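Common to both upcoming complexes is chain A, partnered first by chain B, then by chain C.
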Partner chain A sequence: MKRPALLDDPKRELWLAWYATIGFYSLYTVVFFIITRTQPPGKPWYSPNQVVGWFAGRHEDLLIGFALIFILGGLSATSIALITYSIRRMTVSRAFAYSYLILYAVSAVPGFLFICVAMTVGAFRPDRNPEILRWIYDLGFLSFSGTMGVFLIGSLIWMLAILLDKNRVFPVWFGYLNLCNGLTEVVVAPSWIFHAGVFAWNGVIAWWINVAVFGLYTGAFILLLRNMILREDFGTGPMPDLPPEEGRGHMLAEFMAP
Partner chain B sequence: MTTTERDVSRASGEGSSGHVPGGRDIWFFVLFESLVFTSYFCVYLFNRTQHEQAFLLGQSHLLLWLGVLETIVLLSSSWAVARCVQHARAGRFERARREAFLTAGFGLVFLILKIVEWVRLIHMGDTFTSSQFFQYYFFLTAIHCVHLLVGFVVLGVLVYQLSGEKRRSQVTVETCATYWHSVDFFWVLIFALLYVVR
Partner chain C sequence: MRRTTGELIIFWALPGVAIIWIAAFFLFPGFLPPMSPQWSAQKVAAFYVNHTSRVRYSMILFNWFCVALIPILMLIVERMRGMAHRTPILRYCVIGVAGAAPIAFLTATIFWLLAAFRPDRPPALTQLYNDLAWITFSCGVPFLVALCLFLAVAIYLDEQARPVFARWVGHFNLLIAIALVPAGFAGLTLTGPFAWNGFLSFWVKNVAIALWLVVMALVLGETIGRDRLAEQASA
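For the complex of A and B:
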């Protein structure tokens, strides 16, 4: 029986990590936007009794959705590993890669775990005092929407590494996109203050515009990580261009070339 | 052709038809940030049409002359950074460096004027939470100031580039100048929306 070619591909682990990254972001989108409907976030101005109704209306959905995250959320490590790998391939100090790795090792807590824990507690304890449930509801959404410092610094570290790199691992425009993403992370801070309006945790500026930028940023880096794997030659010098059969005739591929 | 010669050739547009100052990457940043700011402006203008009288009342607390002064100062900084690029193109790096410092000086004056304006408004009771207009006012001016602070780092890179003979890259000089012009560009739009449109 012929041995599958993939098993002998020296990039097989990189591809495994890349497909796991796709799997994680798909799971994240499905759980938060479809199963639990915790994104877009609930209303910040809800009274305690409305919060009780909010939990009751999605009791099973919260338990099933966040159980999936508790089991599979660790897949988020694969994208962090690939990004750290990409920084190690650059002509910059290893301190950049280590800083990024350590920062993002804790990013899952404000990034999604805190809201999962808070909402699961709320769903499992529906008989609690409504005031306590509202406190848990606030804690969940504020920890999710209002704590972006880790991502701000992470974006700036990645940006700096890309701008200093001479191996052309990532295109320079993506370095600047990191800055754009970092700057929108600052904008969520007012969500701690406001209970309604464009700066509240579900507001047009604090949430919708921010998510649009983050979505574009995430889509771009997933595609660029794929290009990096295709271009990887396991050397130490400048990375070769995208193989012609992968890039030919695609305007997007040409634009995304470093 | 050496890297520096190629840089100068690219920067001055010689032998290339589609060249943009600083290269296409920084223009991607300018375009993307323009879209983000445009979305903020759309939200502001939509809310303004819903509460026109309240916004007019808030606007009446601003000093138009102070906004004009801030705009003149920031436009002067852009003029200085444009001269910096011209000097660098002509190989007059010491003069280019002086213009870069002048740019930073104007930027610093703008920042001081902005802080003075914020303190004055807060003493008058106009804070981030006092009214819808001042929510937008403080948000837009603060996010612009964050861009300005990043601009000081960019000017630091510019001075560093101009200071070392081996480091001088015209593309980098123009990239830094383009970033600074974008800070100026965003301010002109913010000034028009917050101070002028009544």
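For the complex of A and C:
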């Protein structure tokens, strides 16, 4: 069997992590927006009986969708690893890189696993007392949107690293986009208080604006991580500019370029 | 003192920790045989009334010691430094899942302990805690699956004359990752091999985890021994 060219690429580990990142965020989007339809989220003002109806309308979808996350959700670590690597490449203390790594690694359980467990437990016994089912529904949505601090502090750490960096690993504008992402975690806090309106967990501010910022932010950093890999010279000084098209030699990533 | 001396202390704590894990497994009355998801709320509530102490003691043990997996994983991460990799990406990937893997299980122990805290509450509430515990325990495999996949890739890419871990250890990790997959589907059914007490979701998954610990401990011990010899030779 012919040895794949990727195996002889000195950047193979970076590319593998980058493709896994693409895979993870695609899975995430498909499971939350298409299969389970837990995004956009259910209404926080639903009565217990309406919550029963909400679960009944997507019984199999919740169980199958979140089973996919139970199997592949750990691949989220690949984007965290790449971002940690990007910070290590900057002219800042390693404390920034390790802080980011730990913050995002621990966020996985409350910010991600809890909603999968809650929605699975909810769909698991549809004949449960409606009040209890609503308790599970609240646990799912609020743990998901209401796990805030790890993403807030994580974004600020990454922002600070980018703004202090002299190696030009990430553009300054993306440093400020981190601030926007951090702010979404601030304005989502009222979803712990309001059952309806713009600040509720499905509201214009706490959901629609936040999801737009998060989508833009995620799309931007996936492309910028790709550029970082293309520019990486494995040195410790300033990163070179993006090489010209013909000199890159990584076909699949080229294909996915904007 | 040599660097590997501290590592050997952590390494040799593993058999002691493993004895506690095994003891806690047998002490918990809901594992042999595993509780059925088909039990009525009344039967679940009666289970916690009748076995309150054993649930508490076994889950306190697990709560204390399940995170003892983390230092073991860090010994593996330190070995990964010797791999013929260009970047630390795969080490960061392993560190990224090393905490969440046992914390997912720790969360399950909290639900089990809550179920046993007031067993005289309305049965439907005890059943809720029991479901949360079992689903977290059974389906909470994403970080373990990713851990095995990351290790397999790291081992395959460690292309040098004397790789840190032999190639078959990579195949082995891939196999364990596959064995853990069915447990992710435990929420889909109350009966059969995929149910949380079923052949695949309970037996295959937990035997795979135990086997992973034994095999990885053996290859880790061998590798630490080799590093220690190299340290002595260069001293």
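Keep in mind that, in the parts below, the second predicted complex is superposed on the first by the 240 of 258 C-alpha atoms of A that agree within 3 Å, B and C clash if a C-alpha of one lies under 4 Å from a C-alpha of the other, contacts with A are read in each partner's own complex, and residues count from 1 in each chain.
The rule we apply is simple: a contact is a pair of C-beta atoms (placed from the backbone, for glycine too) under 8 Å apart; a residue touches a chain by one contact, two chains touch by 3 or more.
What you see is a predicted model, and the numbers here were worked out from it, not measured in a lab.
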Winner by number of chain A residues touched, once chain B and chain C are compared: C
First, second, both or neither for A:152, with chain B first and chain C second: neither
Partner chain(s) touched by A:69 [first = chain B, second = chain C, both, neither]: second
First, second, both or neither for A:106, with chain B first and chain C second: second
First (chain B), second (chain C), both or neither touched by A:223: neither
Touched partner set for A:197, first chain B, second chain C, both or neither: first
Partner chain(s) touched by A:22 [first = chain B, second = chain C, both, neither]: neither
Touching partner for A:124 - first (chain B), second (chain C), both, neither: second
Contacts of A:213 with chain B and chain C, given as first, second, both or neither: first
Residue ranges of chain B touching chain A (in the complex, touch as defined): 23-26, 28-29, 32-33, 36, 39-40, 43, 47, 128-129, 132, 135, 139, 143, 146-147, 150
Chain A residues within the chain C interface of the complex: 7, 10-14, 16-17, 63-64, 66-78, 80-82, 84-85, 88, 101-102, 104-106, 108-109, 113, 116-118, 120-121, 123-125, 128-129, 132, 135-136, 234
Complex contact set, residues of chain A against chain B: 171-173, 175-177, 179-180, 183-184, 186-187, 190, 193-194, 197-199, 204-205, 209, 212-213
Residues of chain C touching chain A in the complex: 37, 85-90, 92-93, 95-100, 103-104, 107, 124-125, 127-128, 131-132, 135-136, 139-147, 149-150, 153, 157, 181, 183-185, 187-188, 190
